[in-house]
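One chain, subunit A, appears in both complexes that follow, with subunit B as partner in the first and subunit C in the second.
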Partner chain A sequence: MRARAIGRMVAWRLLFAVPLLLIVTAVMFALAKVSPFDPVRQYLGDRASLTSSEVVEQIRRNWGLDRPVLEQYLTWLGNLLRGELGDSRSLHRPVAEIIGERLGWTLLMVGLALVLMLVAGLVVGTLAAWRENSWLDRAISGGALANEAAPVFWFALIVISVFAVRLGWFPAGGLTDPAATSITPGDVAHHLVLPCLVLAVSQSSWLVLFARESVLGVLREDFVVGARARGLRERTVLVRHALRSALLPYITLIGVRMPELVTGAILVETVFSWPGVASVSVEAALAVDFPLLAAVTLLGTLAVLLGNLVADVCHVLADPRTVADA
Partner chain B sequence: MKRPLIALLTVLGLTATACGGTDPSRPRNTDDTVVVSVGNAVETLNPILGFGADGGSMMFDGLVTRDDDLEPVPALASALPTTSADGKTVTFTLRPGVKFHDGTPLTSADVVFTYTEVLDEKNNSPIRGDFAAIDKVEASDPATVVFTLKYPYAPLVQRTTLGIVPKNMDKNTFGTRPVGTGPFRFESWTPGDKLALTANPDHWGGAPAIKRLVVAFAADDNVRATRMAAGEFDAVVLPPKLAASFRGKDGLTVYDVPSADYRGVMFPLERPVTGDPAVRRALNLAVDRKAMTDGILAGTGKPAFGPIAPGTKWHADSVTGPAAADRAGAAKILDAAGWTAGSGGLRAKDGVPAKFTLMYPAGDSLRKELALAVGSDARKVGIEVDVVGLDWDAIEGRMDKDALLMAWGSPYDPDYINYNLFHSSLAGQGFFNPGRLRDPEVDRLLAQGRESVDQAVRKQAYDALQQRIQDRQVWLYLLFLDHVYVVRGKWSGIAPAVEAHEHAIGGLFRDIHKWRPTP
Partner chain C sequence: MREVAGTRRPYGHRVALAVLAILAVAVLVVPPIAQVDQRLVDLSAAGLPPSFAHPFGTDELGRDVLLRSLYGLRVSALIGLAAAVTGVILGTAVGLLAGSLGGLADRLLMRVADGVQALPHLLAGIFVVALFAPGVVAVVVSVGVTHWLTTARIVRSEVLSLRSRTFVEAAIGGGAGRARIVFRHYLPHLLPQIMLASVLLIPHAIWHETALSFLGLGLPPHLASLGNMISDGQRSLLTGHWWSSVFPGLFIFVPTLAISVVARRLRDRLSPRRRSELTL
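So, the complex of A and B:
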């Protein structure tokens, strides 16, 4: 019964995702069209001013840019449905290949950051709740609010200036050392520390504050009072009783925070020259590289939708009282 | 967003360096890897799409290459080509025994394939226009390639520095895993980050002394300077002001390489103010080129008076002028032409104020500084200049109305760029002849220079052309930049030669396979 309800929810959500993705691509296409930047000039780069108009017009024709806007969009959509993402105009390579080689690095960094921020958010938030109104609580809550207010790129630069430039503990960017020939796990791990840390910390404020509130709320509930009255150890009360119930709304929050995580990844990858899909979206946008931009944006939208869906499914599974609702 | 952030970082970085972090003059890495860093990341490694078309592609060879004086010398060809008397048939014979990195022997079919692919409209090659003179390329036997031209085109030989690719290439992967005949073999490429190459011990010209070469791309000048100071790079191209801190350091050499890379003001000639030769002549006298090279370029550069760089054999020695400003002379020209000073010192003629707009591409700080300098020099002689920074797309639509601070210049052949910039048949086509010069004499000289097979006739034509451009003051030429490089360690074989405006990974590094460490 429950499984069927969840199945129905997933199906509905996926069905709903189709028009949403269509709208996202249409809006993106329209924006690319009204953008004052000329994709052919971006493609030619330095050579733009050395290239005759005849060649420029030929490239425009080859790309179908001289066709009506609606026709261009439908052509692109048709290709997408056949699984063809086309060629990136700024990087001169198939979009699928670019995403293929970069997606892994993004998933590695964002995945690790996600785990880190969930665990750290929960632990730190619970600590603050446990010592409510102490100096520890004030420091944590205050720090979280300040962190939420600080822009990610600013925080990233501060971290670089301290840990990479001043102390020299970690590299300031890139995936491997400039002179390295092959990609070794140790080298990548060394380069991964700062971006991962920055992304996790910058996105964790809400989680910390939410975990704190949630645990505080639960600590006042009857069953916690009852547990304490039975003389259970404070740690048992906190971890086994309070934290467990506080975990539920926390799961939902992750889904809500997905869009923020995606934009955070874009900024972090850009500042740390991390060769992932998020940083390439910035390059694609600057170059009006529609095929690449469209594919990356679709990927981002999918990440948000899937994140929400997974969070909701988890919530339904974890809390029997929830009704699986499309 | 990115720039100020990186600037902030660099300030922090340089402070850290200054506080005794690293020693900029520390010796080179002892291993065999040399790391050079450039600003412009390459977007493809495929010569068909324009990679290293003017040489400096490291992994590829053209039919010809250039010697230290920029003269073409045979590379994959066994000798310079023979050109028919009408200049329309050019025949190359290939060097025997050359092999691609995968072991396939080079034949004329590969050469034909390379040029046919560039010329194929479907391939969207950005350099197709450079080879517009070619009608067809054919292989008459495995060692002979015949170019048939639509019209006589003397610069063709200089164009054949284009790297030759194997005809059995896989088009989908070639741009990321190229195979050439060049002195270095492809090892790996992280787009936007670095390109790693290994020496090709079987190269027809001998094995390079550098066993492994990494080209690191770092777009921000400050980042390149910081990483050079930290010892991450062995050689780097830098703007003059950033290179200054490396001068006189033990173990480091700073090369100021002259270039054909000029900055100048393009005038819309069909407009009332900029269309008046007197105004242009006055501006030519009013600008203080010496102050610009000393101040803005930190002394690394030369005043410019024409489109062809001194130091190349095509430069006409008669095209020169005083580097310092001559305001009295400028005022005299303006007075004589009827541009009289009114209230506030601004001149006017028949009710038309001496006023024009000067555009520069926003984000290019050098052109911005130069545009502002031109504006302030012009004001001193009573000409008002509105200086505006715009995006290229906005600039393109306004080039017939407003002046523009432009950058061009190639040392290889005077036909390059100048034909496009000054021939009346191209007036107003995109960035070609943007000022709409229509001068039959200029057209005649350009055609003569392009088509003649006699070098002496060509030289005469281009000398006359430079004089004509200066007499009419078609552009206001300001200065030629020096390209500044910092190199760690002692090397022989570094051959600085006049460089082009766009030099990607060419420039000083174009012959890096000839560099040899010296004790």
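So, the complex of A and C:
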């Protein structure tokens, strides 16, 4: 029964994702078309002034740039659907290959950060709610508010300055030691600590405040008052009763936070020179590399849609009541 | 969302307003009367730590970090303001169109809004800036096109509830055209919400501009923008010169915090029932 409901929800969501992705690709393509950058001129670079106009025309024809815009769009879309992402114009390699070798590193860092921030956000938020209006609560809430105002790249630089430059505990960036000849798990883990922590902390203030509100709300409900009246231990009340109900709205936050997470990943990967797929968007943008940039942007959009879907599925799994209106 | 402890004290927003006022005065007054040119390169004073003569130290070219940060804040605040106004105008237009036209137009516009929502803002901004020459206009446009959703949703839902109110029906009955109803009846009612939305958007817009500049995709490098300064300071950070990137960041952090404290206060005073929708 529940499996069927989830299946139906997933199917619906995928169905809705199709027009959405169509809009995104259409907007991207339209922007590229009205952009003042000429891909042919860019491809030729310094040779542009030396190349005869016939050759330029030939390249244009080879690339299909002389076809009607709609036809160009449909061709591009067809290629995307067949998984042909084209070649990167700046790195001169297939886009799929670049994404393939970088995606894993991003997933590793973002995945770890996600787990870390969800758990830490819940624990810290619950602590604040448990001791409402105490100095602890004030410190946590104030800290969360301040944390939200701090730009992640600035925060990352402060962390590097303290933990990498001053204390020298962790490396300032990169995936492995510059002298290393192979990738060892220990080396990567050592380099992973700072970016992962920075990403988790910078994203967690919202989660902390939400968890606090959520637990505060539940703590006022009758069944919690009842549990206390029955003389249950405070820890049992907090963990078994309050936390369990507060967890439900919290789960959906994974989906809501997805766009911010992608944004955070772009900045953190860039600051720490982490060779992931998010920072490649910056490199592609600096080189006006449309095929690569378009692929990464689409990937970001897909990540957001997928995150929403996963959050909703988790919600249905955790709360049987939602099956009816899913 | 209820207020958090940090802002519950009644003087929190006053402190925030005072800080904002001081910063505004500093930004407006210091550049014209400063005796030193912020672009002045003095290699003999390069990389000096904070001292009495240079409270925030100097950068790797010997420029005073405090003075340059004030110039940077000026640039960032102006661009943030322009971008926030762009986003709010766009959002208001979309919300008014969707709400007053209804039907197919409404559904179409809201689907587009969903589409933009699914795009990570910074990624969309990077995309726009990359394809159009980086610069002030590209940054303002890229922030504007990614930050109109909240305003559009608020305006639309407000218009939907206004549409069935008696005074609007009376206006329609009196033969008022669609444009007249939108401008004379809807807009005045929406003004407080729109103003609040723009105030809330300013820190976002400043953040967005600084992030783009930090990535090298924003303002031209010679312009003293906060993002450029933090990015420049990144190089000397590894040699222990933390001040040339940490202090400029303070000029983003402090005003953002102050504005969010004031905005929370405004939100509670102006429209208690809209709290949840306007949460950052």
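The rule we apply is simple: the second predicted complex is superposed on the first by the 284 of 326 C-alpha atoms of A that agree within 3 Å, B and C clash if a C-alpha of one lies under 4 Å from a C-alpha of the other, contacts with A are read in each partner's own complex, and residues count from 1 in each chain.
The working rule: contacts are C-beta pairs under 8 Å (C-beta built on N, C-alpha and C of every residue); 3 or more make two chains touch, one makes a residue touch a chain.
Note that this is a predicted model, so its numbers are computed, not measured.
*Asks:* Considering only touches as defined above, state whether A:295 meets subunit B (first), subunit C (second), both or neither.
*Replies:* In the superposition, A:295 touches no partner, neither subunit B nor subunit C.
*Asks:* Under the stated touch criterion, which partner chain does A:194 make contact with: subunit B (first), subunit C (second), both, or neither?
*Replies:* Touch partners of A:194: none, neither subunit B nor subunit C.
*Asks:* Report for A:266: first if it touches subunit B alone, second if subunit C alone, otherwise both or neither.
*Replies:* Only subunit C is touched by A:266; subunit B is not.
*Asks:* Touch check for A:286: first (subunit B), second (subunit C), both, or neither?
*Replies:* The second partner, subunit C, only.
*Asks:* In the three-chain superposition, say which chain, subunit B or subunit C, touches more residues of subunit A.
*Replies:* C
*Asks:* Scan A:209 for contacts with subunit B and subunit C and give back first, second, both or neither.
*Replies:* Touch status of A:209: second partner only.
*Asks:* Examine A:109 and indicate which partner it touches, taking first as subunit B and second as subunit C; both and neither are also allowed.
*Replies:* After superposition on chain A, A:109 lies in contact with neither partner.
*Asks:* Looking at the overlay, does A:138 come into contact with subunit B only (first), subunit C only (second), both, or neither?
*Replies:* The answer is second: A:138 touches subunit C but not subunit B.
*Asks:* Of the two partner chains, subunit B (first) and subunit C (second), which one does A:94 touch, if any: first, second, both, or neither?
*Replies:* Only subunit B is touched by A:94; subunit C is not.
*Asks:* Using the touch definition from the top, say if A:254 reaches subunit B (first), subunit C (second), both or neither.
*Replies:* After superposing on A, A:254 lies clear of both subunit B and subunit C.
*Asks:* Touching subunit B and also subunit C: which subunit A residues?
*Replies:* 36-37, 153, 157, 160-161, 165-166, 172, 270-271
*Asks:* For subunit B, which residues are in contact with subunit A within the complex?
*Replies:* Residues in contact with subunit A: 1-2, 5, 8-9, 12-13, 16, 21, 29, 33, 35, 40, 43-44, 46, 49-50, 121-122, 124, 126-130, 132, 172, 175-176, 187-188, 190-194, 196, 212, 214, 216, 227, 232-233, 391-394, 408, 417, 420, 426, 429-432, 502, 504.
*Asks:* Can you name the residues of subunit C that touch subunit A in the complex?
*Replies:* Against subunit A, the touching part of subunit C is residues 1-2, 4-7, 111-112, 114-115, 117-124, 126-133, 203, 207, 210-211, 214-217, 230, 233-234, 237-238, 240, 242, 245-246, 249, 252-253, 256-257, 260-261, 280.
*Asks:* Please give the residue numbers of subunit A that touch subunit B in the complex, ascending.
*Replies:* Residues 36-38, 41, 43-56, 58-59, 62-63, 90-94, 153, 157, 160-161, 165-166, 168, 172, 174-175, 178-179, 181, 270-271, 273, 275, 283.
*Asks:* Across the complex, what residues on subunit A touch subunit C?
*Replies:* 19-20, 23-24, 27-28, 31-32, 35-37, 133, 137-138, 141-142, 144-146, 148-151, 153-154, 157-158, 160-161, 165-166, 172, 209-210, 212-213, 216, 258-260, 262-263, 266-267, 270-271, 281-282, 284-286, 288, 290, 293, 296-297, 300-301, 304-305
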